[in-house]
């Protein structure tokens, strides 16, 4: 997508949306992306493809009812027009070679993004959008004589009906579950997880951003200075697999920063008391290696990582260890396992700052690139701040920051609710 | 100061040598066929190999095109189909690689036959191991110019015109060092017109070997690598090269040969000298220098003179030439001298441990003597080599 | 390890609890280590899905019943990074393969990311992957360009390389790279013992105990073998040949599954066309 | 691709080479046509004999700038000898990643090549239509040409930062400041000149 | 890897020749080039060998050093392989250039020696989970004229055959602290039994046929080759397909058969030489690189 922007001034183009209080992917500024958590055991593939997960029995779907469809529709249409406007103004020539790329690159994705939000049954809505597309085509010379369908053929574009299949699925969810949720994070999926070689694992999907966290527990002697403490070793990996922006090889800056951030969160929030990890004072303690790997990088990696870490720790099962008195050797009983004690539930919420004033929650990769700054706020159950992470960027007034914090706290509630729901859903098994 | 036991009361060294005596030196030129020049030298138990590539274009790109060069004879394959080769195959089949005429296709592998390894190519002479029958007539189809000339650097007498001209005219005397095995019809290795591009080499990107920017406008770039086989030393080495010491020695080698080679003849080109210590028993660097000298000559690259290197030390006041590793280990002053014998110029002098300046004279003198002695030996090797090559190319 | 400063430091060394359990006597018994000799020709259920990552141009996920989970992403032709490489690739594109193992992928001790041993293992697997895929890709169609595939092993339940090969082929096809054929990977192993028969798609435990292992990759439509990689206890050629046949047969049986997943992906893409145009 | 027809995967045998000719996304082996893409099968029957079989994907098919292709690119730097550009689209398909290209001075226009000045033809930031004339060699990258009437600058901004309007084949004008700038302009129909 | 550039015509020439069972140097498809083997060339190693196969020149040194057994195999010693593709072979290998190929070969050797039967590792264990011999097998590639793997495997086998590990006695004094004593007699030493050490046979597919012991030029013509390690008894211990091409199953089966056949005779020939040299003992005139 990033390349597609090159033809229109990206920021310029973006501001047009912000003026309309909407974002290219159809969300409003204060709107989170679909969030998915995945703990327990079943195909990881399910989480990544929606349709198969319908089969999943313990599937909780919560759809926001506030955002009603008609409003959404107009939004979409508006957006598409905005874009076409951009194109019209930014191009002197109406040469097909120029317009077509731009339309296909800029306009169509926008239109289609929200296709899933209305079933094809709404004839009228389709008309709205078809019209938009027609407009796009009228802008192209040499096609005036053709009818709309013919032009589609000519240009190898698809009629919109064909694309709205995926819309069905989402609707199905809507009907499945009428549950209502405070915020605008539209879709929560709850499917059990996957990695059996890890002692605990979770997969979190925040829109497209997908992060998996696996926790492996090992035994080691505590550090000399803190004899009664165990270790928690977080490690965030951004492999080249998750986005072209990362090279393979040793962790880059962003990965290192993320690891450090997670480490700070763990440290500050006391998510787990390290004392709990100590088995024999000064002799033996647990080491929790928390490896967080990003599978699909579409922005807001910090929120996802923190979330994944929490969820993974939630379902860690440690074997019981006893110190044999006479031999002094420790014995591990792998049969008998018990969960970790999670003291706090820190939740991270990230905002992107536009032009020093506009705040956008849960930024996508695109948005992060364009934003003038970002800020991440971590709060715990009592709504206390665990960490405020603002790596430079444009300044932020105290009031704005306060605003962020309040939003973060509300966000925390929902996420907490989600986690509990997840845990409950997998308890029976 | 030097430990006393370096010299017995009778004035003999630990290995029975006299103070000024060298260890047994044995050398051979043209060990490898594919390199432009190569040589092997034994000084006592110290064994070293040297290989020379070039002069060639500095950027690696041209190099990869060359790929591994066997002696170039571009049209050979098309002109010489396998069968005719049989005719030219030597009668003494077993020791030649199987060729149709040789009746030896039957056993899939004439290994057993080849057991007492190939005889040295040299005609009788003090430097040759006696074993093995003499070499077969060389069916070397001499499409390529003779790379080696009878011209021996540093010799007072004027070189035969042809040879000398040879060396100067064709860049780097690209001629292969003729190997005693009958050369199979070579498939051209320099890309002929319309050749397919090189197979994507999984090896290093050529860039890593010097880019064009390193090319010197007025002379050739001498590029050296010094490496010691992991098994060459008593204690196993972890890496053959790439450590600081190896880098330092490579640099010294480079400087030494920049002094000796007539680099002005090859502007904007590169000459690679790779030395490899196979077995280390003192004076490794010296052995490498001597081997490299031979290799450079084998490659037909003009030099001012031989470069002969030898080490020397002192036991009390008696200078010791050509130290062995125990003698080196014994501590005491030790200097390494690289000499251009004819002119008597010093290419490199390195003195470790401190030493009073008038005692330097003695040591230096000893080293100088050693170098001159070595020069005599190397000279003999070269001349025999040339005679033999001349013979091969003659008929 | 060298990369320590790039990652959050942990203790110098630590042991997995299994070690101590063994010391405690109670030898751990992995559940899939079923004493009952399973049908050697039985394939484990395979779940494959193509086109699931938003950022990658093509992607695929393959999971085996054994618990092996591999995620693959592929990127279509890019400009070859360095000019020298471009020259080398003038005849056709270059295929760059990467293979990574998640630190928690293995049973027992955690694989320390960035450690020399780990890098070595990954590099070797990557090379094997490349050799298995190269014959399937029409590199000649992409002059001066490079194609990239990177596989991430999330969990190793045996037959990891085979799964990676299949997944990588799917990812490439999903990315719209022109290929002669898909590549289907399949692993076998021979348990110790004189008369033991080769079995298809060994689980992790079986693989660990195996006397000999073999991984084959097949281009099913062309019936060409693109990878043979195996070793272990010596046995006469015909035994290996028979193992090879078994493996190839396994590939043929896996093919439909992969094919279906790819078709589904293609339909899906057309249905919701070009969300990433 | 009006009706969603048959889908196929790489290596799938489509038909024998006798009954059709191989189109895009396919290859021929031992007298049969195979698919080389995962996509939708398309049979377009040419009036001239055999139908063309090809396998098509939607927009995101992986194509490269090929010799003769018309590409849309953005000028990123110029000097007296050539202009360096980023190729963004091949025909009407956006590329996944930009490819670097070069428009040499002598390839800018067809006539009076010797009089051409690069800076009078392109400026950094311009959107240019060009044609690929060579893939280049080890050193250079894609070589492009604008030596045709339809090729050249299609989008350009003036110093004032506004879209300029083409007024002749070699000039564009800034609607705000009315200053004229020299460009190698792609021919555009008059009816679009005022916008 | 070192490679030569061939024109289409030259490739055609080679391929056609192979079809006729005639190769550019006059060999048949199943013939090896003349190989020269000499053991004990580097005196300060436990065992060494040099193999010259056509233009491929390999030097292998084996050093036995004392180490601690691996955790999973407390009662066995182990082998360590290291392959140094020195710049001697080709300037491309200068610096770190040869490492990629080096590690590839080393990995292959590990796989070839993976089956426990190949060498009796228990015999080189001194005392369980404390001391054992570690055999560092260091391969030095001096010149490569094709078919590296075979040449290297031959050299390795020869070197292992030549290896002599000093006998050691473990003395245990009263407070249980162990002491290791090296026997000073150079002649009482452990020899390794190399009967089951496999050799690698690389079969390169050229046209519709496959050849063994391909030269560089032939390697340039072959898209895919199968690497098989065969024991003297004709058992296959490992297989690997190499190269960017693919093979059809039938040809693989043929190749395995050929590989077995050739491999066996290879072993016989090699063993013959080794025994010959052995019989000569110290009287043998060492030639090394002077020959």
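We call the chains A, B, C, D and E, going by the order they appear; numbering starts again at 1 in every chain.
We take it that a contact is a pair of C-beta atoms (placed from the backbone, for glycine too) under 8 Å apart; a residue touches a chain by one contact, two chains touch by 3 or more.
Listed by chain with UniProt protein names: A = Ribosomal RNA-processing protein 43; B = Putative exosome complex component RRP41; C = Exoribonuclease phosphorolytic domain-containing protein; D = Exosome complex component CSL4; E = Exosome component 7.
Keep in mind the model is a prediction, meaning the values are calculated, not measured.
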Query raised in the report: What's the overlap between the neighbours of chain D and those of chain E (Exosome component 7)?
Result: C
Requested in this report: Figure out the least number of contact steps between chain C and chain D, where 1 means they touch directly.
Outcome: 1
Query raised in the report: From chain B, which chain is the farthest off, judged by mean CA positions?
Result: A
Query raised in the report: Which chain has its Cα centroid closest to the overall Cα centroid?
Result: C
Report summary line: Most contacts overall join chains B-E
Report summary line: Rounded to the nearest Å, the gap between Cα centres of chain A and chain C is 27
Query raised in the report: CA centre of chain A versus CA centre of chain E (Exosome component 7): separation in Å?
Result: 53
Query raised in the report: How many angstrom lie between the CA centroids of chain A and chain D, rounded to a whole number?
Result: 36
Requested in this report: Name the residues of chain A that each touch 2 or more other chains.
Outcome: 4, 104-105, 158, 162, 244
Report task. Can you tell me which residues of chain C touch two or more of the remaining chains? Result -> 75, 84, 87, 90, 136, 219, 222, 270, 273-274, 276-277
Query - Residues on chain A engaged by chain C in the complex (per definition of touch) - result: 1, 4, 43-45, 48-49, 52, 104-105, 108-109, 112-113, 115-116, 158, 162-166, 194-198, 201, 208, 210, 212, 214-221, 223, 231, 233-235, 237, 239-244, 248, 250-251, 256, 259-260, 263, 287, 289, 291, 293, 295-298, 319, 321, 324, 329-335, 365
Report summary line: In the complex, chain B touches chain E (Exosome component 7) at residues 26, 28, 31-35, 38, 40, 42, 45, 47, 49, 51, 53, 60, 63-65, 67-68, 70, 77-78, 82-83, 85-86, 89, 95-102, 105, 107-120, 127-132, 181, 184-185, 187-192, 194-199, 201-204, 206, 208-209, 223, 225, 227, 229-234, 236, 240, 242, 272, 274, 276, 278-281
Query raised in the report: Can you list the residues on chain E (Exosome component 7) that touch chain B in the complex?
Result: 1-11, 13-14, 17, 22-28, 30-38, 42-45, 48, 52, 54-55, 57, 59, 61-63, 65, 82, 84, 86-98, 100-101, 136, 138, 140, 142-145, 212, 215-217, 220, 262, 265-266, 269-270, 272-273, 276-277, 285-291
Query raised in the report: Which chain C residues qualify as touching chain D in the complex?
Result: 50, 57, 75-79, 83-84, 86-87, 90, 136, 138, 142-145, 173-182, 219-222, 259, 262-263, 265-267, 269-270, 273-274, 276-277
**Report entry** Residues on chain E (Exosome component 7) engaged by chain C in the complex (per definition of touch)
**Finding:** 103-104, 107, 111-112, 114-115, 117, 196, 198, 224, 226, 229, 231, 233-249, 252-253, 256-257, 259-260
